[in-house]
Amino acid sequence: METVQFIIANLPLIWQRTVEHVLLVGAAVSIAIATGVFIGILITQSKALADRVLYVAAVIMTIPSIALFGLLIPILSLIGQGIGYLPALIALILYSQLPIIRNTYTAIMNVDPALREAARGMGMTIVQRLWTVELPIALPVIVNGVRNAVVLNIAIAAIATYIGAGGLGTFISRGISQTDVRQLITGALAVSILAILADLALLGLQRRLTSPGLRD
Amino acid sequence: MAASLASAAKLLVVLGVFALGAFLQSRGVLPGILRHWSDVVYLARQHIELVAISGSIAALIGVPLGIVLTRGVVRPYADAITQIVNLGTTIPTLAILALAMSVLGIGSPPAIFGLVVLTLLPIVLNTIAGLRMVPAHLIEAARGMGMTGTQILLTVELPNALFVILAGLRTALAINVGTVPLAFLIGGGGLGELIFTGIDLMEPTMLLAGAIPTAVLAIVIDFLVGQCQFWLIPRGVNPLR
Amino acid sequence: MIRLERVTKIFGTITAVDRVDMDVPTGAVCVLLGPSGCGKTTTMKMINRLIPPTSGKIFIDGRDTAGIDEVTLRRSIGYVIQQIGLFPNKTVEENICTVPDLLGWDRRKSRARAADLLSLVNLDPAIFLKRYPKELSGGQQQRVGVVRALAADPPVLLMDEPFGAIDPINREVIQDEFMKIQAELKKTVVFVSHDIDEAVKMASHIAIFREGRLIQYDTPDTILATPADSFVADFVGGDRTLKRLRLIKVSQAMMKEPPRVVGEDTLETAVARMREHGHGSIVMVGPRGRARGMIRLDEAQDKKGVVSEHVVPLPGVIHVDDDLRNAVSMMFSHGATWLACVDDDGFYTGYVTQRGITQLLGASDRD
């Protein structure tokens, strides 16, 4: 098929765009993990705070991605970064917050209170308890949240091509504007395969990081 | 400590919005946005139509499909099918629209088709999950009382699963509303027109004229569905009440 | 070892613990007992400062615990809870070595100790060290919980209804095991329970709490014999005398050097011996002294012949190390007023009578 020939002929370009895409998502998720897990742990200290933070993150999620880009662009153009990498990065980080914060919070809250009491009674400090008991138990659920965030980000990063962030979405946007089915399918396939692979890879990671004592 | 933090945050948000408003006014942004008002109204109506049509179709297909997948007949294959549906949810939205377009051309049909596919998946998954979560002992009690399969489904399983199913509808609608702007790209109309044109022409006022109503619409629809979830579901099976 | 001085805890308007004074000697097993909400758990948790006292002082080994940093304090006290709380993400070995690792012990030393302690509770280290908590039964988990508390060799052990979550059969077994460990390790144990039978069985001292106040603090036998007020009497139960029987071994109540006959003796000899002691029956023993049967006075006095021709089975036989409650139970089930007491080898060493038991109890009973 023509599409197959197109793909073979353009492998270097596909690779380049894939790398752009992966770097964008990778950077966003890394930052999002740092902020999200931290906030998630922080809000376990207060239910009121937790409710508010989760609500805000949920509201951000309901905003369509392109609308969020649309809102960020004018603001960022003030510092001359309106188009391209930065608004995409910020939007991706914001979208990743809910899955990561919510999963971190829920996972830690779900740790059996008896374990917290046993740890406290034995003389562990809060940090020791988090590090050796609560986080290892919460880890699989947190990684699940990261996984959701990554898949979501890969999808949104495809849309970010419209604000100049590059990536695999470019094939799709060109395919639409040039009515070129080959590019359309190439783009759609590439992004889909990337998403599926990332999902499976992180699922594998999730399993590896689950202590054997916690697996069922 | 948390309470004062919250009020401080609220104050900050209110001040921020005011500052933003004043700033925008001074830059002549607000009048610029209002210039597009008639477009906004027209496109918003299209936008809502797309959401309503694709959402209803997805719900009408998705919930029964989810129910079917939990029935005993299908159970051996249910896990495999659920895996495939799960896989489907990882496919990026733009890719699905692009694929719809490559098959159905441009206009509303591919847009609606793509939207239905996207909205369908979370509904099916949540319907399955909700039905699976109904405590087995309730079903056993019902069978012991002599109810038929259909009666059990209607009077025991669905009412208990309703909360989770509505949660799925809520998520699905959020995805739907979020994807409709992209429908413009394949000729489906909607507020996306203002956003994308605004980006292409580098016209922030047009951009915002599209982006703000889109965001507001998304938040309002989500809020409404959330209220439905709260009020429509009877207290006994509603964790929120 | 542990001394509480006017320890009080007030939550808002509720006085959970009211000026409790208590002294737990080294090596004692002190059970805090009482109905729900009486303050026993709160009191125990103030010892390792999981709950800070509102007022009063707590001394461990002479040192005021208020002056010790809480984390350090808790690492020097073993703590066992009802829900066990084994960390599911760690192996049994890692769980046991939690506090030694926190204290920075040499790993080989702590791992070796973990293996030793597991053997002490009859869990084969080769099998159990590398297992995960979810692979253990409830009873096994609880034992590991106790071992974990003992790993860093703390002088004091606090236990909050530790055996409550286990089924009754396993509970007895674990209680017995615990008592064996305690006999060897001689820790100072404070243990909250709501089960009077458990307390009577395991405690050297019982503290009865009610609505925050310490009502009676004494040895189990004293509390059972002389409850301080009607509340305590009701709490320990209307069958408190029967409960006391559990605490006394048959050997303490039996008459030693009992009269006996052998198979070759004549019935006249038997009758004469019975009359001499004022008994209605006499035990026949074998050549080496094992109890074999008995002769009853009312049947033997009119007959002639040898003992071995007229011997009837014994109504019941009780081991000298068994407790009086079992003895009385056997008496009731056989309709007997006395039982022959034998040792491990079956040698007839004494007899115990209902009247003898009553007198023994009466000596310390005061109603």
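To keep things simple, chains are lettered A, B and C as they appear, and every chain counts its residues starting from 1.
As a convention for this text, a residue touches a chain if its C-beta (ideal position, glycine included) is under 8 Å from a C-beta of that chain, and two chains touch if they have at least 3 such contacts.
The shown structure was predicted, so the numbers you read here are calculated from the model rather than taken from an experiment.
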Category of the chain touch graph - line, ring, star, complete, other: line
Distance-maximising chain from subunit A - centres being C-alpha averages: C
Mean-CA-position distance for subunit B and subunit A (Å): 19
Length of the line joining the C-alpha centres of subunit A and subunit C, rounded to whole Å: 58
Distance from subunit C to subunit B - Cα centre to Cα centre, in angstrom: 64
In the complex, subunit A residues that touch subunit B: 46, 48-49, 52, 59, 61-71, 73-74, 77, 83, 151, 154-156, 158-159, 162-163, 169, 172-173, 175-176, 181, 184-185, 187-189, 191-192, 195-196, 199
Contacting residues of subunit A [partner subunit C, same complex]: 112, 114-115, 117-125, 128, 132-133, 136-137, 211-214
Contact set on subunit C toward subunit A in their complex: 48, 50, 70-77, 79, 81, 83-91, 98-99, 102, 132-134, 148-149, 158
In the complex with subunit A, residue positions of subunit B that touch it: 1-3, 5-6, 9, 29, 87, 89-96, 98-99, 101-102, 174, 177-182, 185-186, 192, 195-196, 198-199, 204, 207-208, 210-212, 214-215, 218-219, 222
